[in-house]
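Scrolling down, you'll hit the structures one after another.
After this come two complexes, each holding chain A, first together with chain B and then together with chain C.
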Partner chain A sequence: MKKIFEKIQVGILAGSSLVTSLTVILIIIFLFSEGIGMFHESQLEEGYVLTVNEANPVTEIDATSIKNIFDQNITNWKQLGGKDEEINLFSIDDLSDFYSDEQVGSDLEYLDTCMNDYVKNHENTLAYFPRKNLPENFHGKEIQVGSISVYNFVKGKDWLPSASPVAQLGVLPLLLGTLWVSLGAILLALPFGLACAIYMAEIAHPSVRKILKPIIELLAGIPSVVYGFFGLIVIVPLIQKLFHLDVGETALAGSIVLGIMALPTIVSIAEDAIRNVPNTMREASLAMGASQWQTIHKVVLPYAKSGILAGIVLGIGRAVGETMAVLMVTGNAANIPHSYLQPVRTIPATIAAELGEASYGGLHFKALFALGCILFLFTMILNIYVQLVLKKKRVK
Partner chain B sequence: MNKKALTQQIIFWTFRIMSIMVVIVLFAILYFITIRGAQAISWDFLTKSPEEGMVKGGIFPAIIGTLYLIVGSLIFAFPIGVFSGIYLNEYLKDGKLKSFIQLMTNNLAGVPSIVFGLFGMALFVNRLHFGDSILAGSLTLGLLVLPIIIRTTEESLKSVDDSYRLASYAMGATKLYTIKKVVLPLAFPNVITGIILSIGRVSGETAAILFTVAAYFLPKLPHSIFDQVMALPYHLYVLTTSGTNIEASRPVAYGTAFVLVFIVLVTNVIANLIRNYFNKKYKA
Partner chain C sequence: MSQLETKNLNFYYGSSIALKNISMAMQKNSVTAFIGPSGCGKSTLLRLFNRMNDLIDGIKIEGEVLIEGNNIYAPKVNVEGLRKQVGMVFQKPNPFPKSIWENVAFGLKVNGIKSTSEINDRVELALKQSALWDEVKSILQRSALQLSGGQQQRLCIARALANEPSILLMDEPASALDPISTAKIEELIYELKEKFTIIIVTHSMQQAARVSDRTAFFYMGELVEYDETKTIFTNPSKERTTNYVTGRFG
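Moving on to the complex of A and B:
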């Protein structure tokens, strides 16, 4: 009896140890099942239909062409594989150009009939109106709008998820925004991080190190909103003044704040790597008459190279995934960045800013999960790489 | 002084100055937030609800909300984390399974918090129909801090000398009994540091609670675990970016930031004190 009881307790321990692995697997399942869904979803704005006259041979139009039609770049059905006729665009937004208020009724109660007549009588029309106004015995046919392809998702230059009539979901500006901000952050954090790590591990008196270490840890513990707040009240105005800009919320502000946040990661891992270099290496070098700096430069750092690299990579991972601070200081304009003095928008900031407004289960919602997948994959790969490097080092 | 020594002096001083600059940055952040934040702190600020469009009044509901989330996430993460740490260190032998679990735990630690938010929303809020609630937020935050607790538990168990275990076995105690009565009591102070650090992390975490529990404004306190709550970090975010009157609510924002930094500072100091005390006691 006692033995069974013990077995159960050990079983509980074993079960608990599987929770983290299970969570990672669940994250993958939930993120990807929602994220991949975006590639099966019509790009047309939810709750709306595109219709044409029954005689029109065109049955499907892709999202880019629809945007071009609404922008007047495509004006002839021939360009879409139809007859040589001009496209007569009927959009619900321009309703007053076609029907008077009396004709459609004050609550649009006659819109159904109007649409039916209009589409029936105009062979060259392309009508865009709410699905709820689709008449019951409709004398036209619905146009199928294709879903976005992976290629267009990755290469698309516009992120306009609530654009009408078709959502533009190009991830390129967000991807570049994330890379710019993170790269800037690492370039700023790297010299300071390395200097700090070398100083703490090799140069500083143990008592100085005892003070520095908790300070670095504290820097890691400060919440990201507080960094964002600090960036907003100190760094953003400073950049605005220094560079005479209209707005201080720029990629540079993001890089500086992220740089400070990535510092502790770089310092602590690089310091560990340097301290793990066996003392015999140092002693051998010093015995040869090398100075302390020569020993650090030629012996210690090369030996600790892979560990230091791991710290840098992990710092990049931290910077790429950081949400709130970046959201608060980068200005969040979804443009392809050209300079560090422009507002940019990163992937995590986009998710945080837009998930609240995206309707549950819609295209926009799924697209944000797809962004989450990108983020997850990226940090996962960096993480696994770092652990392999650190492990190899330990085995040695 | 010869050239070699001179170069070394220059380089070492460069490193020293750069390290000092890092320290200055930290103190600049603390200074800005403490100086103006401390002025906003008063008894009313800590015990009253926000008033007049969050320009006046206090942050009481946000403090209570954050407390709920700390307790909620730890109820879940503490036992699982400690059990998991015990199993990894005491039972599992070095091998493929152990390194797989450790790899996954470290991966989970590296997942960005916004991804936790997405996951928590998809699983707890939508699939399990908890809605935006303390329950959903606590579970999400619990998973987020789980790796911290596992790691500190593992490390503190590792630091218990094997002679204690062997002595217990020699007395005829079983393995489980030894862990319960000998190993855990010795390691416990260090296990606590993991929990304290988790408290700091949970109270500052924003992205993970955006879509799982956090409320923009709620004047009343929650009644059940299926209610939404306000939380300190989200409140600070709201005050600085989307409040009704951002300029006028600055003092409240400073005050909120101060409370957050204060929590992190205190948890860090306590964790360090325990660690130092523990290390002295058992490693001497």
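Moving on to the complex of A and C:
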């Protein structure tokens, strides 16, 4: 009887572990299957078609070229590998310029016929209209719009997911925005965090440390929305005033807020690392006539190096993934940053801001998941790196 | 004048007294062994000589510790300078996780010696004095942690010697070592006596008998007896000393 009871207990424990790991794995699989899906999806706005005259040799146009055509940067078919003819952009709104109301019909019932007629008679046209208006026996050719390549996704300079007729999904501005904000955060947090850790571990009287440590750990418990709010109310106006900017919502504001948020991680891990340095090391150094500062600088810090590094990397990890506070203070302009005094947009902020407006299962939706994949890979690499560093230290 | 002298020295950890009225003098180029049961205060006394106890909170010192006539607990004493003059070797070998060369050069560098050739010369000299040179001269850049325990302890001695101290404090330097390494350390102590004044704390009475010129027996924070090593071990004047050295207690 007792044995059965114990077996049930073991079963429950094993089952819980299984459920936990399965959940994690399922989430990752879901994330990647959705994210990778975007690379199979046409970049053309959903429910629309692009057509040309049957005689036109061009069959496929990539998304960037389509954008350029609509922006009037490409005006000749020759540039797309076709004949030397001007591109005649035609959309459903232009129909009334060529056909009378009677021809189209009062309820637009002959719209299909008109479209068919137009495409058939204009060799240089590029017609853009809803798929539901595609005539049954169409005398034109549908243009294939390629799906985005991983290369273009990573290297693209524009993030305009709801642009018409083709979405521009370049992740570079978001990636750079994330890196800039995180890097700035670490550069701000590192000197303060390290100094604080050294002070608490090596210099402060135990009673001071007893007060300081909980305060710093309290920083980690404040909800990020509160940091964002604080940033918005205090830091953003301050930056605006200090640098005479039109808007204070900048990469710098994001870096400062994130830096404050990363402090507790850096301080507590670095402090642990420093306190773990054996006292015999300090004694050996001091007994040789080294001052306290020389001991910290030449013996303690080198000894605690890998632990401190782990703190920094985990701090970066936290900064990279942080969403709410950054969303509130960085201004969210998806531009490639050129200075810390410009608005930027980070990857997590993009996901949070745009998921609500992306249609379920569409290209934009999948692109946001792909952003999630990038974020996941980034933090995973950082974590693996930390594990390796710490493992190497243990082996030594 | 004695090299090292204590006068009516009392030492307190918080409110408990650890050393009571210690007055003793140690001569230049001699080896003095401190023996006594655990907790008798012998290590505490040793650590008073280079002010290592300063790191502990709530300590109180009364009386004087004189090195060449100067009280090292006088207000304006340069503690770093004192520690350079009074080297220390600890119970467990504690080399830095740096190269062998870096370990020995450490004290020289922190004491402001910049010239590489001078550092090299003094590293070599210190390693020769600690009888380690022949074993490590070709692997100076290797990590000190790759050495054996006994080699590490001799490296720590070399590290202390590189500062050219006048006094060398050794806190049970062989207690973590095997008999062969212990024998090497003892041999070394015998040789180092010519240049340095050595004070060694030891749990092993045989070791005290082998290496020291004079022996001090401590019990419960008091200096019970301090005399020629031969006298302490063969003809002590106090009964408690007799009991301890003959192994009847402790």
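Everything below uses one rule, namely that the second predicted complex is superposed on the first by the 365 of 396 C-alpha atoms of A that agree within 3 Å, B and C clash if a C-alpha of one lies under 4 Å from a C-alpha of the other, contacts with A are read in each partner's own complex, and residues count from 1 in each chain.
By definition in this document, a contact is a pair of C-beta atoms (placed from the backbone, for glycine too) under 8 Å apart; a residue touches a chain by one contact, two chains touch by 3 or more.
Values in this document were obtained by computation on a predicted structure and should not be read as measured data.
In the superposition on chain A, contact of A:55 is made with neither chain B nor chain C.
In the superposition on chain A, contact of A:291 is made with both chain B and chain C.
By the touch criterion stated above, A:191 is placed in contact with chain B alone, chain C being left untouched. Contacts of A:26 after superposition on the shared chain: chain B is touched, whereas chain C is not. In the superposition on chain A, A:10 makes contact with chain B only, not with chain C. Which of chain B and chain C touches more residues of chain A: that partner is B. Of the two partner chains, chain B is the only one touched by A:216; chain C is not. After overlaying the two complexes on the shared chain, residue contacts for A:377 are found with neither chain B nor chain C. Put simply, chain A uses residues 291, 294 to touch chain B in one complex and chain C in the other.
Contact residues of chain A toward chain B in the complex are 6, 9-10, 12-21, 23-24, 26-27, 30-31, 34, 191-192, 195-196, 198-200, 203-204, 212, 214-219, 221-230, 232-234, 260, 263, 267, 291-294, 314, 317, 320-324, 327-328, 348, 351-352, 355-356, 360, 368-369, 372, 375-376, 379-380, 382-384, 387, 391. Across the complex, chain A meets chain C through its residues 205-206, 278, 280-291, 294, 298-299, 302-303, 396. Put simply, chain B touches chain A in their complex at residues 4-5, 7-8, 11-12, 14-16, 18-19, 21-23, 25-26, 28-29, 32-33, 79-81, 83-84, 86-88, 91-92, 99-101, 103-108, 110-115, 117-119, 121-123, 126-127, 143, 146-147, 150, 174, 176, 197, 200-201, 203-207, 210-211, 233-234, 236-237, 240-241, 253, 257, 260-261, 264-265, 267-268, 272. Of all residues in chain C, those touching chain A in their complex are 50, 52, 55, 57, 80-84, 87-88, 90, 92, 94-98, 106-107, 109-111, 145, 156, 159-160, 163.
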